[in-house]
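The letters A, B and C name the chains in turn, as written, and every chain counts its residues from 1.
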Amino acid sequence: MSAAPADIPGPVPGRMALALTVNGRPVRVEAEPRSHLGDVLRDGLDLTGTHLGCEHGVCGACTVLLDGEPARACLTFAGACPGAAITTVEGLDGDPVAAELRAAFNREHALQCGYCTPGMLIAARDLVLRQPEADERRIRVGLSGNLCRCTGYAGIVRAVMGVIAARRARGILPETGTERALGPVGARLGEAAVAVSPPAPALRPGPAAATVTAQAVDLAGPFAPAHRFTQSFDLAHPPQAVFALLGDIAAVAACLPGAVLTGRPDHDTVEGGLQVRIGPIGAIFRGRARIAHDPATLSGAVRGAGTDAAGRSATEGEIRYRVGPGETPATARVVLDVGYTLTGPLAQFGRPGLVRDLAGRITADFARNLDARLAGADAPAPAGLNLLRLLAALVRARLAAWRGRA
Amino acid sequence: MKPAPFAWERPASLPALLDGLDRATGSVKLIAGGQSLGPMLNLRLVEPDLVLDITGIPEFRQARMEGGTLVLGACVTHADIEDGRVPDNTGGALRRVASAIAYRPVRNRGTIGGSLVHADPAADWVSALTALGASVEIAGRSGRRTLPVEAFVTGALDVALRPGEVLVAIRIPARPEGAAWGYVKHCAKIGEFAHAIGAVLIEPDSGRGRAVIGAVEGAPLLLTEASPLFGGRIGADFAARFDPAAADAALIAAGMADRVARHVHVTVLARAVAQAAGHTPTTLPEAA
Amino acid sequence: MSAEGVGAPLPRKEDDRLMRGRGQYVGDIRLPGMQDVAFVRSPLAHARIRAIHVPEACRDRVFTAADLDGVLPIRAVSGLPGFKASEQPVLATGKVRQVGELVAMCVAPTRAEAEDIAASIVLDLEELPAIHDMLAAREPGAALVHEHWGDNVFLETLVDVDIGSAFDAPITVSRTISTGRQCMAPIEGRGTVVQLDHRLDQLVVHTASQMPHIVRNGLSECLGIEQGRIRIVSPDVGGGFGYKAILLAEDVALCWLALRCGHPVRWLEDRREHLTANANCREHHYRITAYAERDGTLRGIDCEATVDSGAYSAYPFSACLEAAQVASILPGPYDFPSYRCRTWSVATNKCPILPYRGVARTGVCFALELVLDAVAREAGIPPEVVREKNLVRPGQMPFENITNKHFDSGDYPEALARALAAIDVESVRARQGGAEPDGRRIGLGLAIYCEQAAHGTSVYSGWGIPMVPGHEQASARLTPDGGLELRIGAHSHGQGLETTLAQVAHEILGVPVARTRLVHGDTAMTPYSTGSWGSRVMVMAGGAVAAACEALRDRAVRIGAHLLQAAPEACRFDGGHVVGPNGDVSLEAIARTWYRRPQDLAPDTDPGGLEVTAGYKPQRDSGTFSYAAHAAVVAVDPDLGAVEILDYVIVEDGGTLVNPLVVDGQIQGGLAQGIGTALFEEMRFDGRGQPLASTFADYLLPGPAEVPMARIDHMETPSPYTRFGQKGIGEGGAIAPPAALANAVNDALRPLGVEMLHSPVTPHRIVAAVLAARSAATRARDAA
């Protein structure tokens, strides 16, 4: 990122040129589209008073004024606010409300290490302007988007209460905020901003070793999944027919949304990939699966392991299935015991429920596709999955692995 | 914690946006306020080739009444609703929900459309708009269609948008005369994702009611006909007739195995019912 | 007390720059040519590294262990018998033992580009069984974190003082109590910027550290270069709490990189790294039994305590400080005749632990105070009575307790009595008798602790860890215009030392606080110090500043007496002036004379002049013992598990208070962290050792709406051993809240048959316990 006077044109390829007003001064900044406003201000303009504490919108340390309203700098990408006016804590030196707050913060010992303080002052200033009265509960609720690890908030709350009370006593009324245009603050209507050329060729993991981690997993060894659930579905086909289909690994893969088979190194083992999407999060796991099948009990198991391209996220899972008679003759009930383990960033996202819901939906699609196939139809291609791309990726990996062997 | 590289376009009109979607060769994400997508980009959980910023499109930043129906452009923010910059046909229900979403700096950029498309089960609009009987207007190159919110949200972070389609507006019907509204969410701390949401829209006069149990693992559980929760009949005494066992049974039927979670969801729903009946004083908005 | 001296509630000098965005934290440092570093970290808790595949295009910007020639692993040993040492490689070699362990270092012009490179590197890992449960880790056959040890125990200790004589007590209460694993979560993460100063042939390491001199020791040892070639600068630091009292593998790696590349390099820890990859704290497990008479008098405490120390012994505090400390401080402020405590410091495939604010005290207070409430219930007497029966009495002070801790001064029963009066026990109990309109239940909880602080050589030499504090030094220098410069080797990162040490100096020299400047956080400019930890700075650096100022004052008096043409014995020092029989002369005039008009000095003037470095130790270095009684009233919603704190009283005795405003800030801030420990914060792991939170949406810190304003009352019993009678108080606020709040929740839910014994007491845990108790009650009814 770099800053330049407002009249020099032409961004570097892959960057975008942005005209902004920062602390009352028009500036032109060049930034990668992925740079958030916090980095634009800090690294591009040397305005280091805006601090980064979490970069996911919770701690509030990076709160700045965008067109006069508080917003998270870490969640506002450079391209989102061409033309916007930004005020950082450095721009509040002469602001009378901020001056009152600074005096009150000092008096009430409302800061210790000072790291949260710039964002806290900006949030507090907004409350001072908007809150009708110095109500402690409202102020605490109103400041909840700003975390302080040092003070225990007592001095901050007392300071804000004091400033609000003093201003209202002086007859200064709260602002209602009804004037502004609809939509996200800082986002100007019709203001285009483009960084079309993809930035510097992205480094991608080399495919050579893409599946090595998964290969290491012993699919015959014991497996203790971190998460487990059971799901069942009914099919209007006889149990024997259903069981037979479940024994056809190619057919099963065709019915499993996002799954692609690329090889079958031995009778019990398949290689392939599984693309999963949890909302905007997409991952392609490549690896192997081992199949077991017991006609005597109409049951079986599929045990698989895979990793994403860089070996960062990995999954291991086991589906045990049992086919039994359904409620009416010539129908089947399939009971699935699903156990899985995720490692890496996807596992550390802290919302295992989202994965369970996804697994449930995949199972439902799987049941539907099995049903269609049993009825003689081809399984429909699942919507939203770029299977071509997945296949291309897998084929590349296959070729590389093959070359590696040669 | 910086995003993987992406290209950025900020189309100035809906046709330009749809063209952009159509033209795109790699993976594309639409961004509005970025309050949900932003963290996922920063964490590299999402790595699109192209981000299309839709906040420059005027149509998305309008609100209007069509008859009794409130039509909110996709990029209307939570703060716009909280501050009363848009009309209200829900007797304050929208405003109260909006004011309790996350934190003010988030509400200043977070949008109602973005929240719905993101479809986090723990987010407020997914549940509240389902209970209010709202629908979404979707545009694609082949035209527009409308879906009820409950059909739009198909699962956790999953919605019924087809490739090339965008959500353009939310249509919220007027709250019926005499209808009671209750909305309660349970969070471990203020501004946090909800662990349980209960929302009810009860019409004692006509004996109808909608109930939503939200912040579950997938799409919210909607009872379009809520009378089983009230012993089979909805009347003026609906709060007294609320049957926690019926709600619990509904959750069991929906596959919620965890007894503690069910208890919390049933409790929160009961409190939403009590709130609808006016049994709990209107407390402060519990959000920042 | 003067308006600016010891005892004045002076607003802080450091606030103004911080409120204008002009603080300078590590991330704010701008150096020409600086490049950013991102690390490739292990995604697995335990694995063998088979290969690290680096794309050809970035091979020159990626470094692994194979590149780090001559760099030694971090070793933090303890001299305690039986301690097993771990070697923490700077970049992983052979094996990774925790999620987040450093595997490769990537350097690029921006952090985003460095992360691009990191994302392109493929790790070929062979996953090994991970051990994430400290109790399972002690079982035979458990997977081994360090194979050559043969087990997973860093250290086992045993204290036994006649426990057998307690076994016949009429009341025996046993509980299993545990505390969750936490992240300290200062709002600023760690960060390091390293620059090679070619002129001085010196590595200048800007790092957010509580202990710059100790970091220099460690860097010198790991890098094998002499200390003179390393300068540590710790600038403004955005919160420490123990998290920044460590030598980081990242620090070592960046120093190596700066030497290799020649240009400045920077690493700024992001929140995901903090939560998933770097040091944790607080995970304790207790099996504890209390033996008591029917009136609540304790006969003895018997305990087995296990602490999950994580994969490596962190420098300098080691992996065993926490557990071994448990054994020595579990008796708390109480006096009883029999005691046994066995402890294990256990290695697991998790991040190492560091001593977090309160260190082991928070855990032991939780275990002991919960079991005391259980004794009260068993005996059928109020919980305050059990405490009154057993607290050390003021007449016993100074008191050697059962583990030979030397309590310096105080009136513990008085603190309890004041807390009970302030919280108004009678009216809380009366309220509990009636039903709340909203169905919630009211509970009252108590917790008392005493806190050894500022303990020095005699204590730490026994631990035998890489850092033993000795004399604390400070420098004081009058400037030619009569201002004062103070230099200390400890660090201020929120404690307000720029103000409070100026107050100490003012107390002696009368120099206005506004004209006194504190220099700290720079090994090139300050005397050696072990740094800011253990609530030690106001006792130790405060004492050292006082000693330096006194020496300076004595020299000034001699110069002033000469200027006044009087004998030094006939002069006194008062309010910044030397006062003689026939007039007075100001410090400004004395400073002007020394520096600018030396011709006016006496021929035999002390050549040391107006600059003094003095060392200080208290008369006893076994530590000060501040203490407090905490009383909490909560309302618990049994159906949702929500806990609201209705009232919170703290009666604190920190000895002489140098700045009551700052002390209250420390206590209130500690309370907020204690509330986090009690109700919100927990880093959970799955069965494979994967941390299950990577954002503040998953790891919950208390916010403004969750932390009430404590009502704080001060007793000021001076320590007989320190310069002004001050005691260390920096950690106390975080020690008692988990115990007080859990006791309050248990008091509220007691009629339902619920007892919560694990922190944090989350809504989910409460509801689960309430439902389990209801089921049990139903079964019992059905059986009857």
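One rule holds for everything that comes next: a residue touches a chain if its C-beta (ideal position, glycine included) is under 8 Å from a C-beta of that chain, and two chains touch if they have at least 3 such contacts.
Heads up on the chains, UniProt names are A = 2Fe-2S iron-sulfur cluster binding domain-containing protein; B = Carbon monoxide dehydrogenase; C = Xanthine dehydrogenase family protein.
Small disclaimer: the values here were computed from a predicted structure and weren't measured.
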| item | value |
| --- | --- |
| Winner on C-beta contact pairs when A-C is weighed against B-C | A-C |
| Relative to chain B (Carbon monoxide dehydrogenase), chain with the most remote C-alpha centre | C |
| Approximate Å spacing (C-alpha centroids) for the pair chain A, chain B (Carbon monoxide dehydrogenase) | 19 |
| Whole-Å gap separating chain A and chain C, where each centre is the average of the chain's CA atoms | 33 |
| Distance from the mean Cα position of chain C to that of chain B (Carbon monoxide dehydrogenase), given in whole angstrom | 43 |
| Touching two or more other chains - residues of chain B (Carbon monoxide dehydrogenase) | 1-5, 39, 43-44, 189-191, 288 |
| Of all residues in chain C, the ones touching two or more other chains | 110, 112, 116, 119, 270-272, 694-695, 697, 703, 705 |
| Junction residues of chain A, two or more chains touched | 32, 34-35, 55-56, 137, 141, 143-146, 200, 202, 345, 349 |
| Touching residues on chain C, where the partner in the complex is chain B (Carbon monoxide dehydrogenase) | 110-112, 115-116, 119, 270-272, 639-642, 680, 694-695, 697, 700, 702-703, 705-706, 762-764, 767-768, 771 |
| List of chain B (Carbon monoxide dehydrogenase) residues in touch with chain C within their complex | 1-5, 39, 43-44, 186, 188-193, 195-196, 259-260, 263-264, 267-268, 288 |
| In the complex with chain B (Carbon monoxide dehydrogenase), residue positions of chain A that touch it | 14, 16, 32-36, 39, 55-57, 60, 63, 66, 69-72, 74-80, 82, 123, 126, 137-138, 141-146, 176-178, 180-200, 202, 229, 278-282, 345-346, 349, 353-354, 356-358, 360-361, 383-384, 386 |
| Interface residues, chain B (Carbon monoxide dehydrogenase) side, partner chain A - complex | 1-12, 27, 29, 31-35, 37-46, 48-49, 51, 53, 55-58, 60-63, 73, 75-77, 79-80, 83-86, 102-106, 108-111, 118-121, 154-158, 162-163, 189-191, 216-218, 255, 257, 284-288 |
| For the chain C and chain A complex, residues of the former touching the latter | 11-12, 14-16, 18-25, 27-28, 30, 43-44, 50-51, 53, 55, 57-58, 99, 110, 112-113, 116-117, 119-127, 185-188, 236-241, 270-272, 276, 493-496, 661-662, 664-665, 668-673, 686-688, 690-699, 701, 703-705, 707, 709-710, 733 |
